[in-house]
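Report on the following structure.
Chain lettering (A, B, C, D and E) follows the sequence in which the chains are written, and residue indices restart at 1 in each chain.
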Amino acid sequence: MVRYVLGRLAGVLVILLAVCLFTYVIFFKLSPDPAVMICGKTCTPDRIDSIRSMLGLNQPLLAQFWDFLQGIFAGRDYGTVHCPAPCLGYSFQTNESVWSMITARLPVSITVAVGAAVLWLLAGVIGGLISAIKQGSWWDRSAMALALTGVSVPNYVLALVLQYVLVVKLQVLPFPSAPPLTENPMLWFESYLMPWTVLAVGYACLYARLTRANVIDTLSENFLRTARAKGLSRSLILRRHALRPALTPITTIFGMDFAGLLGGALITETVFGLNGIGKMAADSIAKNDQPVIMAVTLLAAFFVVVGNVVVDLVYTALDPRVRVTST
Amino acid sequence: SGGAAGSAQNAAGPAGKPAQGGVVQVLANAGFSHLDPARGFDGGVNNFYRLIYRTLTTQGAAPGAEGTKIVPDLATDTGKASDGGKTWTFTLKDGLFFETGAPITSAEVKFGVSRAWDPELGIGSPYAKQIIDAPASYQGPYKSGDLPTIATPDAKTVVFHLKKPYADFGSVVAQNTFVPIPVGSGVGNQLDAKPIASGPYKVAQYKPGASLKLVRNDKWDAKTDSVRAAKPDGFQWTFGLDGATIDERMIAGQGTDANAIAGTIQAATVARVQTPQLKQRTLSGLGGCTTYMGLNTTKKPLGDVRVRQAINLAVNKQTVRDAVGGSSLAELATSIQPPTVVGRVDYNPYPSQDGKGDREAARKLLAEAGLAGGFTLTLDTRAQPKMQAMAVAIQQALEPLKITVKINTIDTSTYYEVIGTPSQQHDAAITGWCPDWPSGATFLPPLFDGRNIVAKGNSNLAQLNDPGVNSRIDEIAAMSDVKQANAAYGELDKQIMKLAPIVPLLYEKVVTVVGSNIAGAYLHDGFSGGIDLVSVGLTDAGK
Amino acid sequence: MTLLRLHEVTKEFVTRGQGGLLAPKAAFTAVDQVSFEVSLGETLAIVGESGSGKSTTARIAARLLDPTRGTVEFEGQDITRATGKSLARFRNDVQVVFQDPFSSLNPRYTVERIVTAPLSYQGIAPPGGRRAFARELMERVGLNPDHSQRYPSQFSGGQAQRIGIARALAVNPKLVICDEAVSALDVSIQAQVIRLLLRLQRESGFSYIFIAHDLAVVRQIAQRVAVMNKGRIVELGTRDQIFDQPRDEYTKTLLAAVPQINPEWDRRRRQHEQERKASV
Amino acid sequence: MTEALFVVEDLTVTLPTSRGPVDVVRDASFTVGRDDTLGIVGESGSGKSMTALAVLGLLPPGARTSGSIRLDGKELLGRSEAELRHVRGNAISMVFQDPLSSLNPYYTVGLQIEEGYRAHRGGSRRDARRVAIEALEQVRIPDAARRIDHYPHQFSGGQRQRIMIAMALCCSPALLIADEPTTALDVTVQAQILELLAELQAETGTGLIFITHDLAVISSIARRVLVMCAGDPVEYGTAEQIFSDPRHDYTRALLDAVPRIDDEVLS
Amino acid sequence: MTTTPTLLEVEEVGSPSVDGGPPTSTRRILTRLGRDKAALFCVAFLLLVVLMAVFAPLITKISGWGPYEFDSAAINSDLGGVPHGALGGISGRHWFGVEPQNGRDLFARIVYGARVSITIALSATVLTGVLGVVFGMLAGFYRGWVDQVISRLMDFLMAFPALIFMIAILSSLPAGNRPVLLVVVISAFGWPYLARVIRGQTMTLANREFVEAARASGAKNTAVVFREILPNLRGSIIVMTTLALPGYIGTEAGLSFLGVGVSPPTASWGQMISGSVSWYSVDPMFFAIPGAFLFLTVLSLTVLGDKIRSVIDAGEAS
């Protein structure tokens, strides 16, 4: 098992390296020359050249890539400035250290992701479970119709409508401003409530439908009959015997979704003006700020790849039959 | 302070007199590109820089034409020319200090300007480098040391030596590159992170892309400054807000949003600000730019002036205007230069009823050119809803002439690079131009001087290389009287439009809603129609 | 002629000790150095203690499980590690009836599909069409052919077991491994199935590995018997030898423990039977 | 005279099929007393398991039942799921026919035994675990203390069957329904299990319904026997009567088909 | 008579079929669906959408407005271009009203938009479905190096923030056939998500005894995977793919707006919806109409999927 984990972590590194290289090629080779954009409206070829050399863009691609990697593990120098170890370079746009940009924004993204995940897990799993038990009832029908609506409504629409209704019309919530938790817990909570909800809705619908489908499958298993024959309480039967097999496949999705969100909820963060990784990504794409795009990609990739390892470990732990054959 | 408020508040509105004190909130979509004045260069930062920086001269602080007038700032006057306009001398006022308490002398001014030659830093306003004489190898003060062509005979005097005479140099020294910087500081990204203020405010906290907080710079002496009212005690920017969210917040005006100002509203919001209360809080004015469609004169049928004229006639500017939000958000353009430019002549070379296009006249011209059967045209547009909507409007307008417009959408981040590269540019492209200061000098030569066509970063989209136009540009540049030059640019505008290298589409407007407690707000013609930050304040500072 | 030969086959199961993911592993030897042969047309019965490794041996013989050590030969060829074509051929020739009736039937398929699946897996067209063939198979094992569109969960345990048997007989295998294939059947159906198996053996030369607990059944069907205890074969011999002169202690206990209908009742029943026949 | 521990009267079970409802059990009646054993034998598919499931209300969805099922005089049929919960596993336990699919593959067998015990008897996990280990030992699972933490798929068929028995026994129910509990067991273990059941009956007076195809086993443990054929209870009487003087043709045919260890090979 | 109380209340199981022999499952499903009103409604709506897409030019000829024609008279230029009249300008002239800012006929754009959106979203859904299911099952079933290769490929693809890369890749690819490119790129980044779920479930199923039984019956690995395991994955696949469809319509819209999707003035539902977002309070119909079409399409697909599933399940009652 230890060997398996180590092997997987080595795999993670390889994937991240591949992602890095691929991103590098896509954004530095196929994308427009950042020097030209930095150069601005009135630009001369000379200036472009000097900007290129300053950014190290005139070196061969692999050399640039090597520098980039070195920066991450050992730090690197940009002209006169030294950029210490986890060095992801400096933003072309703001000249900020990309690493500090990330560390400043990550807490927001994590808050958004964790809150939303809690919400959607609760809503999705409980809703799906009830639907499955009451299959065919009005509750089931309306819950599933609601789930479909939730999926069909793009989340930017939901975000704006929610904001319009709750903040502008009813004035029950403030416009999100996302202060630190310690400063003003109430405002913190109120600020994040809408982003959480908006993000959670889509996922909750998916999870509700999956939970429902899986629970229905499980409910017809013989071992559920055994559980009932033992006289277990209904809630225990559902919780333990029906949910566990039903949720095992859902952990896979949850791991992916959650890891994906840690890498930033692009649209939600943008609409609500939350300064998380997602918004940073959106901004950097719009401005073709390559060091930031690289970093965001790498960060997102890191979360997803590590998330996948965790998912696989959890899956083998959750399903004993799989566990035995995996090692 | 703050006595001016009270019952008079309603009557006051955005035009009222601001009280002393309070904090003005600014809700913004995008953050500032750079806080380093050598680097930042666009309407937004230029406006903002005046809060923390001062330059030798600056634009006036008043609505309308007053705002585009150059007035002294650090200097006692707008400069004295000698040597036939090749040498310019400025004298500094007394009592000027940085936020650090250090005095501002001619050395700091010179040091600030010389940073423009540093290849890493000098990515902002290009004029200092273009106009002021300097050794060819000069690379800024950090690499090459002192710049010998700027003389500082004493602490109060700066003397600039130019490459050739430049009549309007008084306007050039209003550019951001002329902000004084303490000698030796500002290396690398230092100023982007922590500017050294010479204006009425200093940066207290800056989170790029998130927020910016300005507080009073108590070393700034109001007596030395006739431009900046600087009534509030501070400013607070919030960046990264969605356009629709900003509009909602501004309309709702809850809490501190009553003290807030913001950028221009979205088209969909226009219909919502028609109530009397909101109308009272709405400011509207021209943005000072021209949105146009460049016609690449080197491409096949467009090489024929009749075809270009036909297109000019046929485009339905009404539908183009509707595409950006209707009459509230833009005026129909007729000439190249927008109305805010000094010396501009109001005329319409290709008239049609209500600007809806004169299809018959266009058809006649095309027939003359032997193109009655139509042709195909590729139109580059930016991948942005507004730009695409305009492109579609043009496509629709040209369709009856059997001109098939193929819309080529280009990613926002690459757009200007692609259309600025003659080898990649297609037949036509939609873009806009704003003057660096409101005169023809920063409008017509960059766009139509045939000798400015470069392989990359080209701004002469029409690739017009007309000897008549070129020589006229030289003649005007040589004029020593600014007024005369501006008038000449007005006439040059007409001369160029006869060749129809572009289709002027719109003069877009700025429409902005301000908070109910905002006073002294007006749109400044010099800063792409942004609210003049040095004049705005609060009606009731206690709110 | 030897059809199948197991040579010193050992199977160890790795189980995790207590204490979560990182606990040390423990090995458990389920089958220990088992060797035997099955000849063409012969029935080898395996009896023995519950948990002694019979099913595991059967699964190794069917190559559903890889032995830790030892070899499996089929028709003289070592197929312990066979893949591809030779494995496919082996699979066609060897069919298995599983001990656990429901788990071994795909819950998503109708009986018709289940019993004809081996044919389609081996690319053989069911003679007379799928439906008719399935009905015939079901009839053979005593199932109501009208139930061919039902799903496994709609059958009783014994019926499910018969579905498994029908599936194994769908193709013409050389060897059928029956893991307690008749344990859930009532005695009359059991007799019918056994007769069917014997007839197939006679007519088509099937060989069987027959795992059972019911020694009476074993006696009816087996030519040779292997007795397993704790993973090992403790005794292997012809049927009569095992039943009449058991040598191993365990075999003796086993034989002694066979339950029987109260002989007194049985005698009375036969008597009544004779009386009844006489009276008719 | 008080009623017997367990009484079933005119039990009819109807299942839905794609061809319409089918009666899989028709008018079955029988009683089981304290310390009494009823054997149910019959054709495969004759409705034995359905009868058993009907008692605990565990029939497949859509099934309908009629008649009467009484435990200690209390009617069980038509009771709500919540009420039945206290009966199941507590007053009446059941051993299912198909052990592998009846055990939850996601949990260790220990947990599955413990939870039944704790649901009715409460107590700490430690207690329950002790009880579970004891139960496993009782059914002769070697090395029970270690194997309690194994998962169902790690056991042999017979072992699973014994786990099911252990599960059913640990609450010492008033009535135990065992659906072919020993088919996968070798005769020695089977004998031990039967002995265990007999001891239990002697100790606690548990009534036992034993469904099997092994008539020899029935003859040795059952006091009364119900013979079923195609959903109909064809004969019901004392073991002695059924075995020594079967009245119904089906019963006679069944007994005739019993293979004997000393029989000749079938031809 | 009492009905057995069960944990799940099962839908009523249909009446016996009249004909003697057991009907084949396809026919059974069809006849059962034919009797279900909801299912019929779904089929009818989907059919309507498909017909709309196919006969778009004909339909717009009847309605009188093409999808690209401007109608400046229908909008109020002074108010930012909102349509004249209530309900987004719904009138006899414009059945569904008009688009703000240019007055294009919404009905015509819905009809034409169906072509683009449905083809792109459906093909992407089908392609991701096929890729995800096939690769997921192969990885989960074979384990070992096959799993390693497929899983690492999935990790690699999933590691990219999809939207960013779709933009990057699409903008650097030659324009070519946009819809095809869109489908390919969306699917390339979309399938690993489904595949991972399928992989996990396959691992569980591969250990079930019936899989072993199939193998013993002579089933080759591919047969085991596709014929034994696949039917047991049905639930997840139906759910995931029916929900992927609206997602892809959204992705298509997003990409179109970022300039790498279908190019204007081509209409697509997704584009219409994202374009309508900022008008939500001024001209709600602009959003409501394409939104309703999208919603109903998805609803129909899902309900139909569910119905088919429950009809099959009723036969199994597993």
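Everything that follows uses one rule, which is that a residue touches a chain if its C-beta (ideal position, glycine included) is under 8 Å from a C-beta of that chain, and two chains touch if they have at least 3 such contacts.
Given the structure is predicted, the values throughout are model-derived calculations rather than measurements.
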Using only protein Cα atoms, the chain sitting most centrally is A
Would you say A-B or C-D is joined by more C-beta pairs in contact? C-D
Between chain A and chain B, what is the gap in Å from one C-alpha centre to the other? 38
Report the inter-centroid distance (CA atoms only) between chain A and chain D in whole Å. 52
Between chain E and chain D, distance of the C-alpha-averaged centres to the nearest whole Å: 50
Express in whole angstrom the distance between the two chain centres, defined as the mean CA positions of chain A and chain E. 23
Taking each residue of chain B in turn, which ones touch at least two of the other chains? 244, 411-412, 414
Multi-chain touching residues of chain C, meaning two or more other chains, are 15, 100, 102-103, 149, 153-154
Going by the touch rule set out above, which residues of chain E reach two or more other chains? 7-10, 22, 167, 207, 209, 277-278, 281, 315, 317-318
Partner chain D, residues of chain A touching it in the complex: 220-223, 225-234, 236, 240-241, 244-245, 248, 318-321, 324
What residues of chain E sit close enough to touch chain C in their complex? 22, 25, 208-210, 212-220, 223, 227-228, 231-232, 234, 315-318
Listed in rising order, the residues of chain B that touch chain A in the complex are 30-31, 33-34, 41, 119-120, 122-124, 126, 187-189, 192-193, 207-210, 238, 240-242, 244-245, 248-249, 251-252, 254-255, 257, 411-414, 416-418, 420, 446, 454-457, 459
Which residues of chain B touch chain E once you look at their complex with the stated criterion? 243-244, 266-272, 274, 318-319, 321-323, 325-329, 382-385, 388-389, 391-393, 395-396, 407-412, 414
Interface with chain B, chain E side, in the complex: residues 68-70, 72, 75-82, 100-103, 167, 171, 175, 257-260, 263-265, 275, 277-279, 281-283
